[in-house]
Amino acid sequence: MSGITSNDIEKLTNALQQFRDERDWAQFHNPKDLALAISIEASELLELFLWKDAASADISKIREELADILAYVLLLAKVYDFNIADIVLEKIKKNAEKYPIDKAKGSSRKYNEL
Amino acid sequence: MSGITSNDIEKLTNALQQFRDERDWAQFHNPKDLALAISIEASELLELFLWKDAASADISKIREELADILAYVLLLAKVYDFNIADIVLEKIKKNAEKYPIDKAKGSSRKYNEL
Amino acid sequence: MSGITSNDIEKLTNALQQFRDERDWAQFHNPKDLALAISIEASELLELFLWKDAASADISKIREELADILAYVLLLAKVYDFNIADIVLEKIKKNAEKYPIDKAKGSSRKYNEL
Amino acid sequence: MSGITSNDIEKLTNALQQFRDERDWAQFHNPKDLALAISIEASELLELFLWKDAASADISKIREELADILAYVLLLAKVYDFNIADIVLEKIKKNAEKYPIDKAKGSSRKYNEL
């Protein structure tokens, strides 16, 4: 649907799978535990902002935690053979319906409160 | 470092920024709140696996929640001008040192317990 | 509403506040960051179950992480002067309406899917 | 260790167990899924603060989400027969060693960065 190929993302996913398989870790990577891993890594990212404002957060650690989240996202997406570009573009389209510009502009409200 | 260009990812990020800017939402997207958003979306993914095994989870919803997580990850990465391919490949390299194959193979332990 | 006094919980909350005030930490404990802290501690608890089944989790660590979550829950509840017993009993009552026994019995579905 | 009895908390836990058993939900409440539930509820609390400052958050919803977190915390603690007062007081004692007043006063740093 997108005209976007996913060569880059496929290469990243391949590198992650190779890392995993060299360690024989596929046995642990069922989708439920991958979802746990994403949530845990997202929380480690969040901790970098705890008790402080954004400007005080450690950027090199943000870099690493974002990479960890992405790694598990790509591995979970691969389980279901999702095309990353497709799923993001589909979601943008869907959100455009939930958040029409004229209602959502300048508002931080959820779609069900617009 | 990677020989991987990030054209695809840049196109996705551009689409996300356009969606955001049409709604004048950049004002809300400080890095701390983007980190909250990633964690909240990761938790919505997790909820799809609550009280059930992985095979019973709703794949079309997993697709959407993964897209939401990715969207905020790409937007936060953009704040710091991180190259997605670079940060993931760097992290793989770093993890290869924390988890050497001979010690980590077949084990689900954390690096500090190997 | 409950006939339950909260003396125990008040004593715990007082001990937590004393610990906090001796370190001059009230300045960091705004409600938003306390909510981050609860979520981060909940994720540390979750990590104890990652890649394994429940029986393999470390009980002494579960003990500590549950304590951390509770500590921040009590401190946040105190900000709003919530009575712990009251809010839990109110929620049980509300959930009893969302999950009537005849519909919910033996089902793990959310109330909006019953 | 505490001189604190936990009658109140026991009554709350009993009420939660009764609610659960009337719906035959104990079958879903293994410790791993209870940990997921705590994390998911903590994230719903967090969402009340997303894109806004603490003063703009909806207090009646904070009340409900805190109750949900507490409910699952009490149910998971019951699985291991933890005494809530004991585990919190033990953790305060342990944290007092990790965060000695003279080093930690006025600082938001983690114990390993003090």
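Every chain is named by a letter (A, B, C and D) in the order it is written, and numbering of its residues begins at 1.
The criterion applied here is as follows: a contact is a pair of C-beta atoms (placed from the backbone, for glycine too) under 8 Å apart; a residue touches a chain by one contact, two chains touch by 3 or more.
It should be emphasised that the depicted structure is a prediction, and the values quoted were computed from it without experimental measurement.
Participant: Matching over half of the contact pairs by residue number, can you pick out the copy of the B-D interface from A-D, C-D or A-C?
Facilitator: A-C
Participant: Could you see whether A-B or B-C has the larger number of C-beta contact pairs?
Facilitator: More contacting C-beta pairs are found at A-B.
Participant: Taking the mean of the CA coordinates per chain, how far is subunit A from subunit B in Å?
Facilitator: 3
Participant: Distance from the CA centroid of subunit B to that of subunit C, rounded to the nearest Å?
Facilitator: Subunit B and subunit C have C-alpha centres separated by 27 Å.
Participant: Going through subunit A residue by residue, note those that touch at least 2 other chains and give them in order.
Facilitator: If we look for residues of subunit A contacting two or more partner chains, we find 28, 36, 39, 42-43, 46, 49-51, 108.
Participant: Please give the residue numbers of subunit C that touch subunit A in the complex, ascending.
Facilitator: The contact residues of subunit C facing subunit A are 28, 33, 36-37, 39-40, 42-44, 46-47, 49-51.
Participant: Which stretch or stretches of subunit C touch subunit D in the complex?
Facilitator: 4-9, 11-12, 15-16, 19, 22-25, 27-28, 30-32, 35-36, 38-39, 41-43, 45-46, 48-49, 53-54, 57, 59, 62-64, 66-71, 73-74, 76-77, 80, 82, 84-85, 87-92, 94-96, 99, 101, 104-108
Participant: If you look only at subunit D, which of its residues touch subunit A in the complex?
Facilitator: It comes out as residues 36, 39, 50-52, 108.
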